[in-house]
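Below you'll find the structure I mean.
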Amino acid sequence: MKKLSKLYVGLILAFLYLPILVLIIFSFNTSKSRSVFSGFTLEWYEKLFHNELIMTSLGNTLIVAVVASLIATVLGTVACIGISRMRKAPKAVIMQVTNIPIMNPEIVTGVSLMLLFVFFAARMHLEFGFVTLIIAHITFDVPYVVLNVMPKFRQMDANLYEAAQDLGCGPVRAFFKVVFPEIMPGVISGFLMAFTFSLDDFIVSYFTSGSTAQTLPITIYAMTRRKVSPEINALSTIIFVVVVVILIVKNMIERRAEKKGAV
Amino acid sequence: MEHIVSLKDIVVNFDGEQILNHINLDIKDKEFVTLLGPSGCGKTTTLRIIGGFLEPDSGVITFEGKKINGLPAYKRNVNTVFQRYALFPHLNVYENIAFGLHVKKLPEREIRKRVGEMLDLVNLRGYEKRNISRLSGGQQQRVAIARALVNRPKVLLLDEPLGALDLKLRKEMQIELKRIQQSLEITFIYVTHDQEEALTMSDTVVVMNQGNIQQIGTPVDIYNEPENAFVADFIGESNIIPGIMLKDCLVEISGREFVCVDKGFGNNTPVDVVIRPEDITLVPTEDAKLSGVVTSVTFKGVHYEMVVEAYDYQWLIQSTRSAELGSAVGISFGPDDIHIMHKMKG
Amino acid sequence: MKQKLLAAPYLVWMAVFVIVPLIMVAYFAFFDSDGNFTLQYVADVAQYSNIFVRSVWLAALATVICLVLSYPLAYILAKMDTKVQSTMLMIVILPMWMNFLLRTYAWMTLLGNEGIINTLLGYIGLGPFKMLNTQGAVVLGMVYDYIPYMILPLYTVMTKIDKSVLEAANDLGCNSFKTLIKVVLPLSLPGIMSGITMVFVPAISTFIISRMLGGGSNLLIGDLIEMQFLGNSYNPNLGASISLVLMVIILLIMTLMNQFDVDDDRVLM
């Protein structure tokens, strides 16, 4: 039974990782072949870094992700303070609305926002680009912030805020001295989640970016539509390594925090 | 004597429900006052009004003679020990206790000195650097008390502070709290639903029910002279028997006449008669006006608790001597043991 | 009182950028460019019924495969030593953090006629098989891209099952298999439900996987919508009505699932 379990996990892992492994191996291939490895080279990495389109779209992606997730974090966290003070019924309605962008197919979110932006573009000076992109990203980011921060308010001892006031803090000071440290983990994980979703988003961006502000996923998509280009392999390898490093660091930080809490 | 806190005609409504119904309460300086009552009686609401966490819909609250309606919590010279302590999880013991002094921007040396005094007061020397989550319930309780007292409030509010502790620890903390209150000479306003706790610690007990004050008095008064059947029932165990006040100092219970000490109820008035279980003695049937059959006997350590059924009423009786189950016994009590109350409304 | 107002900016945002756009989708589906009410666009959707059927079928197939593959995996993971567990979970989930375009692209290079699989098969004298641009490739892509969304909720719900409940089942005469069927399965039902939702919704609405792995011949609802908005046949009214029908289908299927969920509870009680 134990062996069978191990075999099963091994097979699934192979299924999950082999395709990525193949991409990585062929990113070092001298020829453009996808099946025969004819020699080691770093040529594709060099080409990648000199590919202006990829570099600008990477920059765009970072700008949009940082701006959108920061705004979403502030908007969502502030909203949670208000929502946590509400009664059950309005709270439930708001949480339903919060769930809409999460539950709805991304393509519907994308086209519905596109319809809105087209409507405004025709009547005001709104052009598809960074503004529409960032608005769209905030819209699908902010529910994740709310969903991460709300539970912290629920877990928090409702008297903490009053205790701070009892000990002489005004309302604003009480919030920053006592409530904020309590919800901080939720705010950070909400921000990180929003940031990764923004970095990774293709579908919503595809419908809301226009032609001026292309993000990296959009560029990747355009590249896969064209002929074989091993630069994508190189890009995949880099992204994979970055993801692995980030997750390992994150894991280490969490472990350290756990140890600290346990002693 | 001067009143440090006064509530005058306080009314609080919530969702159309009356939580406090025209409450009037004067609290003397340096007194240990307990607000006692079942859950939902309004005792915590009263405390929150004094603390400044809740504004009454109407009525006046004064502190040292000055009206403090509308004054926010952080401007009142009152501190609170919260029900679940509400210690700040991101701060250690020292930082928790020092919190209020830091907010007031006291010099660091002064803060260290005063926190040190508090640590001594609550016996937590050596725990300064401890994480809050790694303290026992009793230790957390002490930190909460120290954190409030370090600000030298005139009045300390305590909202069921011992509710989360086990019985033994609770008893210890009761004595400890009384000691702290007496040594600091400040006013404690203490909320609890535990009558024993109230009787043990308080100078004055305020019994509340359904948004009304039922009785204010010393523990002895409250226990021995309950003003109505609710108080009698809530404080200790009682036999509450319907009776008729025939005239001053004469009451009829189960068809028999008894001499009592109460007056002023008028003639032939239906009343509630309250008799404490420990005030009843079991005698041979021929020596008593009332007699019945023992239907249960339970050993309680110091005494036996027995139920005697007599004339459709089950009498609860506590005695150091047990009677045999099923035997016929006489029920006897003196005039002083009979407490007459007005019939409860509703 | 005042603190509640802090939710206002968020509520305004959600109203303007979530609710209003969805109302616009409905508007475009039922009103033509002159503002006249019409059912024409919704009726036009009917001519694409084969695409709808294909989308539901392929997405359902991918969801079932994900469930069948993930369930034992989640069960094994949840039973692992807690020290290894978090690391193992991280390893299983890690590919999810790669952009799904790249993950899909990986299969493009694997499945192609000159791809590595056909090349390897060629060495032993087999093939080449046409694997890319088939429905099978589309389902494979869906399974590959979305399987983490199935594993995660299943794993979460299984780690929450109290070990003593399993021991109680053993104590009451269940062997491992019976325990799985009678105790673990019903208790993990919420995880199954959310896993199905999290896989089925993106699978039925994808247009990338079908385009990259299905060639031009295996269009799905997503492709259809995309074509109305950004393709050659710009027709937002038709696109909106297709989107609306897609939402209705998803809503119907989810309601149906919840129904099944509730009924099952009753049977268990």
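When the chains are written out, they are named A, B and C in that same order, and each has its own residue count from 1.
Heads up, the rule we're going with is that a contact is a pair of C-beta atoms (placed from the backbone, for glycine too) under 8 Å apart; a residue touches a chain by one contact, two chains touch by 3 or more.
This is a predicted model, so every value here is computed, not measured.
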**Request:** From the Cα centroids, identify the chain that ends up most central relative to all protein Cα atoms.
**Result:** A
**Message:** Measuring between Cα centroids, what's the chain most distant from chain C?
**Reply:** B
**Item:** Separation of chain A from chain B, taking each centre as the mean of its C-alpha atoms, in whole Å
**Value:** 55
**Message:** What's the distance between the Cα centroids of chain B and chain C, rounded to whole Å?
**Reply:** 59
**Message:** Distance between chain A and chain C based on Cα centroids, please, to the nearest Å.
**Reply:** 18
**Asked** What are the residue numbers in chain C that touch two or more other chains?
**Response** none
**Request:** Using the touch rule from the top, collect the residues of chain A that touch chain B in their complex.
**Result:** 157, 159-160, 162-171, 173-174, 177-178, 181-182, 261
**Request:** Would you mind writing out the residues of chain A in touch with chain C in their complex?
**Result:** 5, 8-9, 12-13, 15-17, 19-20, 22-23, 26, 33-36, 75-76, 78-83, 85-86, 94, 97-98, 100-101, 103-109, 111-116, 118-119, 135-136, 138-139, 142, 146, 196, 200, 202-203, 206-207, 216-217, 220-221, 224, 228, 232, 235-236, 239-240, 243-244, 246-247, 251
**Prompt:** What does chain C use to touch chain A in their complex?
**Reply:** 3-11, 13-14, 17-22, 24-25, 28, 69, 72-73, 76-77, 86-88, 90-92, 94-95, 97-110, 112, 114-116, 118-120, 144, 147, 197, 201-202, 204-208, 212, 222, 225-226, 229-230, 236, 239-240, 243, 246-247, 250
**Residue ranges of chain B in contact with chain A within the complex** = 51-53, 72-74, 78-80, 82-84, 86-90, 99-100, 103-104, 133, 147-148, 151
